[in-house]
Each structure stands twice: as structure tokens, then as C-alpha cells.
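Note that chain A is present in both complexes that follow, paired respectively with chain B and with chain C.
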Partner chain A sequence: MWTTVLVSGISMGSFYILIALGFALIFGVTRYFNLAHGELVVLAGYVAYWLWNVYALSFVLTFPVAILVLFLICLGLKRLFARLTEPLELNSIVLSFGIAIVIQNSMLFLFSGNYRLIRIPSLNKSFHFHEVYMSYGQLTLLVLSLIVIFLLYILMYRTYLGKALRATIQNKEAAALAGINVTIMGTFAFCLGAVLIGLAGPLYGCTHYLYPSTGHEVTLLAITITIFAGVGRLSGIILAGWILGLAEAFTVILCGSSWREMVTALLLLILLAFKPYGILGNRES
Partner chain B sequence: MINIKTKNFRYGFNKGLSPDKVSLLMGLFLLLLLPLLVRQNDYILQVFTHALLLATLALAWNILGLSGSISLGHAAFFGSGAYASALLSLDLGLSLWITIPLAGFIAAGLGFIMGLICMRLRGAYFALATLAFIEIPRVITDNWDEVTRGSLGLVGLPGFPSLNLGTWHIDFYSSFTASYYLVFIYFLLLLGLVGFIFRSNLGLALQAIREEEIASQAVGIRANSFRLFSMLLSAFFTGVSGACYAHLVRYINPGLVFGLHFSAIPMIFAICGGRFTIIGPALAALIIYPLDQFIFHPLIPTGHEFLYGAVLIFAVLFMPAGFWGSIQRTTN
Partner chain C sequence: MFEIFTMKKLPKSRRNFFLSFIRCFCIIFCLSILAFRSNTSSAATIKIGEINPLSGGLAKNGIEIHQGIEVAVAEANEAGGIGGNQLELISRDDQSRPDVAISRAEELCSWQKVAALTGGYVDSLVGPIAAVAKKYRIPYVASASLQKELAQCKNPFFFRVSRLQDFVEPLCGILTQRFKPQHLAILHAATPGSSELARDLERCLKTHGLNVKLIEKFRPGTPNFTPLIAKMAGMNIDVIVSGGFTPDHILLVRQLKENRISPKAFIGPFGIAYESFIKTMGKDADYLYSTCAWNPGITEPGTEAASIAFIQRFVRMFKQQPNTTNMHGYTSARALIAAMQAVLHNGLPLTGDNIRMALTKLDLVLPMEHLAFDKTGDPLHYKHVVVQIQKEKLVVVYPSDRASGQPVYPMPPWDQR
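On to the complex of A and B.
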């Protein structure tokens, strides 16, 4: 039984990593907290649901469309965020909070509050491998998330653009001094974030019920993992995502599924109280 | 520990009959006569009663907002106040005039716990911590079925007991006018108290902390203690408002009272109305909420609450001092 919990925790945790990567990238490069992140993921899920349900588009083809829609939305958001004044972090929280409310109500208006789900029966079938039982859905989540993480790793650590992004994450002023156009890096971070959100959205739509107010939970997840990991460390996010996934899986087994929502919040509070700069991170300037 | 004295500050408000003072008095007078003006129209009275309750919430939020801390989690206090008063009056049968202040103290206790966790944090991280903090009372209330009836909520809460003032019998259950005046009196009291706090040493200290924390600490103001105290006050009044809400509406459930509606809205009203002013939050509440209910709700039955997000975005980007704050700055 514990192997099932382990598998469930790791696969869910990998999905959480995917969700958090977009948030962490945007926050790392531009230092804007995007509290509308969860709502954007749900929006991508709704777009995928709409295409899959109304136009009978194959589920795999909904990914590019969701990514494109999110791309455009995130470019618009970047323009809004660019108008912010100091202090950036607090003002961005308030602004994105307002944006989240607007997006949430737009989704309520467009899709109504009914629970939606992208049903893909083939993902629910389970298979076993030496007494470890998994569903194809969990395997898909795990493999997809790992592929995306790997691609992101290649981008960040093996390309020149990635180097520039990492430099901006570490120290914006120094990167600007080194000749990196910080504004364009910010736009690129938003675009990359949009791609990641667009990938996570349809996956969210087939593993969780979609309803307008579920974005809040997703945002909390992304924030917890990002703060756990500290700023700008890919390895931290992977570790944080898996730990969170496992913590939730064990909570569900030991205490029941209704206590699951408190795990994320408690973890975030403990982190903020004791280690606001992240578990693996150092003190940031 | 903390000296609260009122000093005689010659700000615009105290200089005799200034435009600020006149408009405030006119506004209060209008609110006082509202039931007569709308000829006891129950629907309008209900909307304005709720608007006044939200105004008290916004004023309570602003006590903490005065210190520069943006709290996204006041729903925790609202909900705990509502549940505390509801459970005490429902299960133990205590009179409402006891349970409501008690609910305030319980919410203040929760505020103390939150303060202990969050007081060292500043700015964005404080806001995130308060956002996460809502989940704790919410999940506990949702799951502690034996005591709180879980997610079904509490039904049939006792309303305010009828009063007999001489020959006048006031029945809060049947008369929306009576409920309106009850909330109006609470609103006036809170407005007076917030005005008092603003001008006292406590208010000055909080504003100093907001403007330049390190300099204020150099002058001898212990930032964490003052912020904690303002959080206790803020939590107390939020809890009392929550209790009033529970007994006016007479039905609560965890999703409702711990929801983002009651933690977002005080913040939105305070920021849009003017975090640096006394009546700004109340003004925003009394303008935006009826606007939402009377105009936008019929227009867009689902999703009309986008208005709150829209005004927040507008305020953050274009009017950081808030509506009333901008007016004050232009007239001074």
C-alpha cells in the first residue's frame, strides 16, 4: 500500500512542479508575484475543455491552442504589471489579486459554476509493475512533467538565453550592467511561463474538477513550492514539488482527503515563519 | 505597554468647518435618514445594511492597513467570529449581547496566533502568510463535524433579541429598518473609534512604521509590538462584524464566511477608498457595494463581482492613494 502512496505522491508532485515552474520563473526574473497564476492554469484547462467538448478536438491538440491563448493573455498581463511602482512585490500581489478576481468572474460568466472534467477513459486504466499499481494517467503526468523539466533544464543551463535568464534571476542590476536587456528577459519569462501554464492547464482539467474558484488552491500550491525552493533554483523546485506531493498523499492516507487542503497552507506558514528564503536557498539581497 | 493619548493636532479636520467635515456630516445625515428616503423599501435597506457591515469590515481592516501591512486573510477572523458567536448562542444559549463581544475576543486570540507567526514578515511575504492562514480555521471548521456541523453550516441562528424601549417594541427579525439602524450605530461607533486611533499616539506610530520602519525604530517605536496590537484590534472588530453578519443573515457555512469574498472585499474597499484616510474605506464600501448590487448584478447575473477586481486594478495602477485619499490631496 505504501508504494501506491509513494507513486501517487511522486506523480502528483511532478504535476505540482509543472504548475510551480511557471510561477517561479516569472517571479524569479521579474520579481512580480502573480497571484492570478492559479486562475490562468484553470483558464487553460477551461479552454482545453471547451475545445475538447464543443469541437471534439483531440485532447493532445488542445495543448497548442491553450498555450497560444495563454501566450496572448500573459503578454497583456506583462503590460499591466509593467506599470507598477515600487514596492514591486507588494503592489504586484495586490494587482494580481485584482486580476485573479476578474479572470475568475470571467470564467464564471463564460463557463458557469458547474464542475467540468475532461474525461479520458484510457488514462484511468491501471497497470501494475512488480506489485506497484499505477494508472496510465499518473504515468502520463509523471513522464510529461519530467520531460518538461528536462527541456527547461536544457534551456536554462545549456543555452545562452538560459544563462541570461539565470543572470537576471540572480541579480537584476548586475545583469543589466552586463548588457542583458532585463525588460526583454521579463517578457521572455512571461512567455515561458505562459507555455508552462498552457501545458499544465489541460492536464489539470483531466485530473481535477474544473470550477472557477479552484484557482485559489493552485495559486497557493505554486507559491508554497516557489518559496520552499528559494528563488532561482530548479533543483529546489523539483524537491519541493515532490515533498509537497508526498506530504499530501500521506495526509490523505492517514487523515482523510478533507485535510489535504490544510497541508499546503501549513507548509507555507511554517516556511514563512522560519525560512522565508527557501530550504536550499541562501539569503537574497 | 502602549500609551494611547490623543493630541490636539491641527490637521484640516480640526480647523473648524472644512469641506471634509461638512461632506462627512452630510453623508452621515443621509445615511441616518435613508429608511425615510427610500420609504422603507426592504431591498434597498438590506443592500445598505450589508454595505454598512462591509464598511465596518473595511474600517477594521484599515486599522492593520494603517501600519502598511496588507492582509489578505481577514476572512479567518470574520469566519471565526461568526462561528464563535453562532455556536455560543446556538449550543449554549447565551444572549447575543454576550456572544458578540466574546466572538470578537476569540477572533482577537486568533489574530494573536497569526501575529506570532507573521509579525517578523514584511510586505509581500506577510500578505502571502495571511493568505495561507485562512485555510487553517476553514479546514478545521469544515472537518470538526461534532462541533461545527462541518460543511453543511449552521442554520437557524438566533437573530437579535427584540428590545422594549419604553413603549417602543423593536423586533429585529421582521423589521429591516431596525437591523439597518443597529448596523448603522455599530458603524458610527467604529468610525469614531478609528478616527480616535488615527489621531492617537498609536495611529501616529503605525503611520511612522508604514512610512519608514527603520527610522521609526530608531526613534524608539517597537514595530512588531505596535503591528501586533493593531492586528489584535483589527481582528477584534472583524470578529464582531462577523458575529453581526451571522446573526443578521442567520445562516453561515465555512465556504461562505471563510471565503475570499470576505477577505478580498475589505482589502479592496480600503485600497480603493484610501488606505491613508479614516473614512476612505467606508466611503468605498458604501459606493461600490450598492453599485455592484443595483447596477451590475442585474446586468451580469453571474460574474458581476469582476467589478471588485476591476476597481482594485484601477486603484493600484492609477490611484494608489485611493479615491478619498486623492480627493484629500487635491483639496489640501
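On to the complex of A and C.
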């Protein structure tokens, strides 16, 4: 039982990471607080569902299309956000809240209020591993999240572009003074965010379900993990995702399902009280 | 002469003032025309107000109820209306939010002056609408409401076509008479209706000597049930009753399959007996149990013709098969229409008090139920049957006098399907 819970917690945590990375990256680089993040993830899921259901496109092939669609949408969003004036965080909350409502109602109109599920029989099958049944869907989530984290790590810590991105996250003004084009960095963050959302969306439609109003749950999750991690902390997001996934799983076993959200909220409050800059953050960051 | 129109020679401040004046004038003019049109168009109609969650988290169910109400109104209008007057349905979206539900109800009662209200899905939205209806002394027939407390708060203008007790009785019956499980788990969502169902079901089972091994509450929309499934597997749970909703069942059943946990029965009273659920889940929906008050092919004995007429009209209007939620909307609107007809038939004015009195005396046989209300506004004859999905079709398995097939118990394990 305990191994099942452990695997389940890590797998769910990995998915949380995938969902939160796009949000954290865009927020870190641009300071735009995108409340429509969850709606974009669900929209990417619907794009994949539509291609899979109507055109019988292979599930794997829905990823590039979803990424492309989200890429275009995110570029449009970037142009909208770019018109905002200071205070950026507050104004972007207002703007993105409106965008979220528009996306939600558009999805309701286009895809109706039925619950949609991308049913891939091979991903729902499970295998036996050390007294644990793990589905191929869970394994895909885990592996894909790890690959994305690894690639993002390489990009952020082994390339000049990553260095420029990190500099922009740490101090936008200083980065600009050092010759980094922070506007281009913002656009790049949105593009990268679109790729991550385009990856998360189809997986969300496959392992959860699609419904026009589920986006706000995803947004809330992304915000929680970003606060947990501390702004601009890639490793913090990984740690936060896994801690939350595991805390939720073990809470259900030890205290009961009704305590799940309570424990998550308590963890967040304790962290904010003792480490207000995030689990790996510090005052400078 | 044309300077005033070209405004080229006017100073900037005056030009701005002039433009603002013209804009305001245009807006007021358009609004006046609209107000005039709406007043004239409703001169010979009877207004029925409807509030449903047409957007937000409960949009699917709200839209379904709205469709059912539209069918009832269209049916009445085609038959010549009420006392020669056509019915006008004024629909409002509460966005799945109680505060919006209140403001929409206020608008319909005070500004639109509707004769009566209907619609509403889940008690958190129905409750606030009922309170506003009481304030304006306008009858409200709720389409989908379960919480006992709502009927007990002495609101003479509140009526509903469903109640919780009729979910509990057939469930308790099939569990104690047929399944008799050794280790039963009741999972319920953290909502008033679902929590009350779990409580009442446990009480009923206890009186019949059946103990519940595990009762667990979860938040609707929980993304991961695997830890809970592991816990149930550790306790050798053989029958699961889940008071969650459609999305919870989608995840829970799939995660049961992924973990190769096969209970002898999985019963989801809410959100399983739907064609859309069966379509979404495919073969994984087979052998799941649920309850329903009506479905195409499952109707109150003696109402088969009315049921078919409803289905045909619904298909004609919406190009899809109706479901039990559509029927709840239809039933609530039919109750209101019948009460208003009775008021006019008796030569009385169509006031809230007269409609309320007519509702208390209502005795109407409809496809979903023989509709009559008790003193609290609860339906007297609302009945649910237990159904099982067999080969992607709903089969009535309990009670035996309405059964159309035998229950497959225990459900076959996932790897033997």
C-alpha cells in the first residue's frame, strides 16, 4: 500500500510540476500574473481531444498541433499584456481574469458542457512493479515531466539564453543595463510557456478529464506551487511539486481524504511564515 | 452653415462636449427603443422566470435543465398557451454562483415581474433563489434540489420535484436485500446533498444490520484517487457507494482499473446514468450501478406515451436524446404551467398566492413521477430505480417490480472483461 501511495504521489507531483513550470516561467520573466494559465492548459487539451476524436489523429501527433496553437495564442496574449502599464502584477491579474472568462465561455460554446476524455487504451493499461500497479499513463506523466525538467534545466543553466532568462528573472532592470533585451526575453518566456502548456494540455485530457471550467483549479495549483517554490526557482518548483503530490497522497492514507486540501494549505502557510521567499528562495531572489 | 456638423472650427473642449452629448443621446435613444420593444412584446404573454447555471462549473447540468423547461414551454405554447395567453420564458444564468443567483432572482421578481420561477441545480443555488421568491411571494418550483433543510425552512412558496429520501431507499434496498456486502465503503463529495445522502444511507443500512466499514469525504474535482483506492484495497472493500459527480466517477473508475481493483459493485447515485457518461467511459462504464428517476425507456408505469412524446419533441428541438436532468427541468416547468392553468381556469388573477395554492393542490401524472406536493413543498411520489450499465445500456435491476434485467453481481474483474 505504501509503495502505491509513494508512486502515486510522485507521479501526481510530476504532473503538478509540468503544469506549474509554464506559469512560473512567464511570471518570473515578465511579472505578468497569468490567471488564464489553467484555461490555456484545458484549451490545449480540447485541441488534442478534437484532433483525436474528429480526425482520429494519433495521440502523439496531437502534441505538436496543440503546442503550435498555444504558441499562436500565447504570442497574441503577450501583445495584449505588453499594453499594460504599472503596476504590472495587478493589471495583469485583471486582464488575465477577463481572458480566462472569455476562454472558458468560448470552450463551453465550442465543445459543449460535456465531460471529455481522451481515451487511449494503452495508457490506461497497467504493469506490476514491486507490489505496485502503475499505469502507462502515470509512467508517461512521470517520464515526460522528468524529460521536460531536464531539458529546461539544460536550457536555463547551460546556455547563454538561459543565463539571460535567469538574469531577467532575478533583476529586470539590471539585466537590461547589462545589454539583455528583456522584451525579447519576455516573448521567449511566453513561447516556452506555450510549449509547456501544449505538452500539459493533452496529458491533462488523457489522465484527468476536460471541462470548460476546470481551468481555475489548474491555475490555483500553478500559483500554489510557484509560491511554494519561490519565484524563478526551477529546482524549487520540482521540489514543491513532489512535496505537494506526496503530502496529498499520504494525507489521504493517514488522515482521510477530507484533510487533503487542509494539509496542503497548512504546508503553504507554514512555509510562508518561515520561508516567505519560497522553499529554495532567499531575500536576494 | 455646416460647421456644426463638420465641427472643424469649434474649439476642442466644445467639440468634445458636443460629441459626448451626441453619444449619450444615441445610447438613451437606443435603450428607450429596446425598453419599449420589450414592453410591447410581452403585453399578451405570461412571464415565467428561469434561473439556471448556464456557465461555470455546473453549466452542463444547468443547460440540460434549461432544455427541459424549454420543451415544456414550447409544448404549452403549441397547445394555445394558458387561457389564450402565450408563455414567455425569461432565462437567466447564475454562473454557478449563489450571489449571482440572488441578483438574477431579484431582477426577475422585481423588474421583470414574472408570475413564477423555476429551474435551479444544486441546493447552494436553489436555496438563495427560494429565499428571494419568498420575499416577493412568488412561487418557485426547483428542478433539482435534495437538501432536507431547504424544505424544512417554512417557505410556503418553495416547491421541488425531487428529494433525497428517494435516492436512499432503493440504494439501501439493493444493498441489504441483494448484495449484502461484508465490507462496504461510502465515499461522498463535500456538498450538502452528497453528505446528507451518505449520512442517511449509513443510518438506513445500520437499521438493517449492515455496517459501513469506511466513510470518506472528498472534495468534488479531486484529481487523484489512487491513495484512497490503496486504502480501500487494504481494507478489502467489496462494494463502493460513491456520492461524487460525473467527473469524480470518471477518475475514480479509471484509477480503480489502473490499480486493478475490482469491487463486487460500484454504485454512483449521481452522474452515472447518463448517455454522455457511457460515451465518455466506453466499455469501462459496463457493470457500474446508478440510480435514476427517468430515462428514455425508463418511465413511470402508465406514462409511456407521454414519455415518447417528450423524447420526440426534445429530439426535434435539440437533435439529441434527453436524459434524466432534462426531465427534471421539464417536470418542474410542467408543474408551474399546470398550476397557472388551474388558476386561470378558476377565473382567478394570476398572483403568486393563487399559483402557490394551485401548486399545493396539484395532482399531475408525468413521465418522471406522479406529481403532488406535501406541506413542505416536497414531492410525494418521486421514485428512483437502481440501474446497471450492461453492454453500454441502462438496465433497471431494482426494485423487482420495475426491473428489466438481472444485476450482474459481482462485477467481472477488469482483466476478465
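Everything that follows uses one rule, which is that the second predicted complex is superposed on the first by the 257 of 285 C-alpha atoms of A that agree within 3 Å, B and C clash if a C-alpha of one lies under 4 Å from a C-alpha of the other, contacts with A are read in each partner's own complex, and residues count from 1 in each chain.
Methods note: a residue touches a chain if its C-beta (ideal position, glycine included) is under 8 Å from a C-beta of that chain, and two chains touch if they have at least 3 such contacts.
Owing to the predicted nature of the structure, the values given are computational and were not obtained by experimental measurement.
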item	value
Contacts of A:Gln170 with chain B and chain C, given as first, second, both or neither	neither
Touched partner set for A:Phe33, first chain B, second chain C, both or neither	first
Touched partner set for A:Gly113, first chain B, second chain C, both or neither	both
Partner chain in contact with A:Met12 - chain B first, chain C second, else both or neither	second
First, second, both or neither for A:Thr214, with chain B first and chain C second	second
Touching partner for A:Gly137 - first (chain B), second (chain C), both, neither	second
First, second, both or neither for A:Met262, with chain B first and chain C second	first
First, second, both or neither for A:Glu89, with chain B first and chain C second	first
First, second, both or neither for A:Ala249, with chain B first and chain C second	second
Residues of chain A that lie at the interface with chain B and also at the interface with chain C	104-105, 108, 112-113, 213, 256, 258, 261
Chain A to chain B touching residues, read off their complex	33, 35, 80, 83-85, 87, 89-95, 97-106, 108-110, 112-113, 213, 216, 220, 223-224, 227, 256, 258-259, 261-262, 264-266, 268-269, 272-273, 276
Contact footprint of chain C on chain A as seen in their complex	1, 4-5, 8-9, 12, 104-105, 108, 112-117, 119, 124, 126, 133-135, 137-138, 208-209, 211-214, 217, 245, 248-250, 252-253, 256-258, 260-261
Touching residues on chain C, where the partner in the complex is chain A	55-57, 59-61, 63, 96, 187, 190, 216-219, 221-224, 226-228, 230-231, 233-234, 246-247, 250-251, 254, 257-260, 276-277, 280-282, 284
Residue ranges of chain B touching chain A (in the complex, touch as defined)	70, 72, 117-118, 120-121, 123-125, 127-129, 131-136, 139-140, 142-143, 260, 264, 267-268, 271, 300, 302-306, 308-313, 316-317, 320
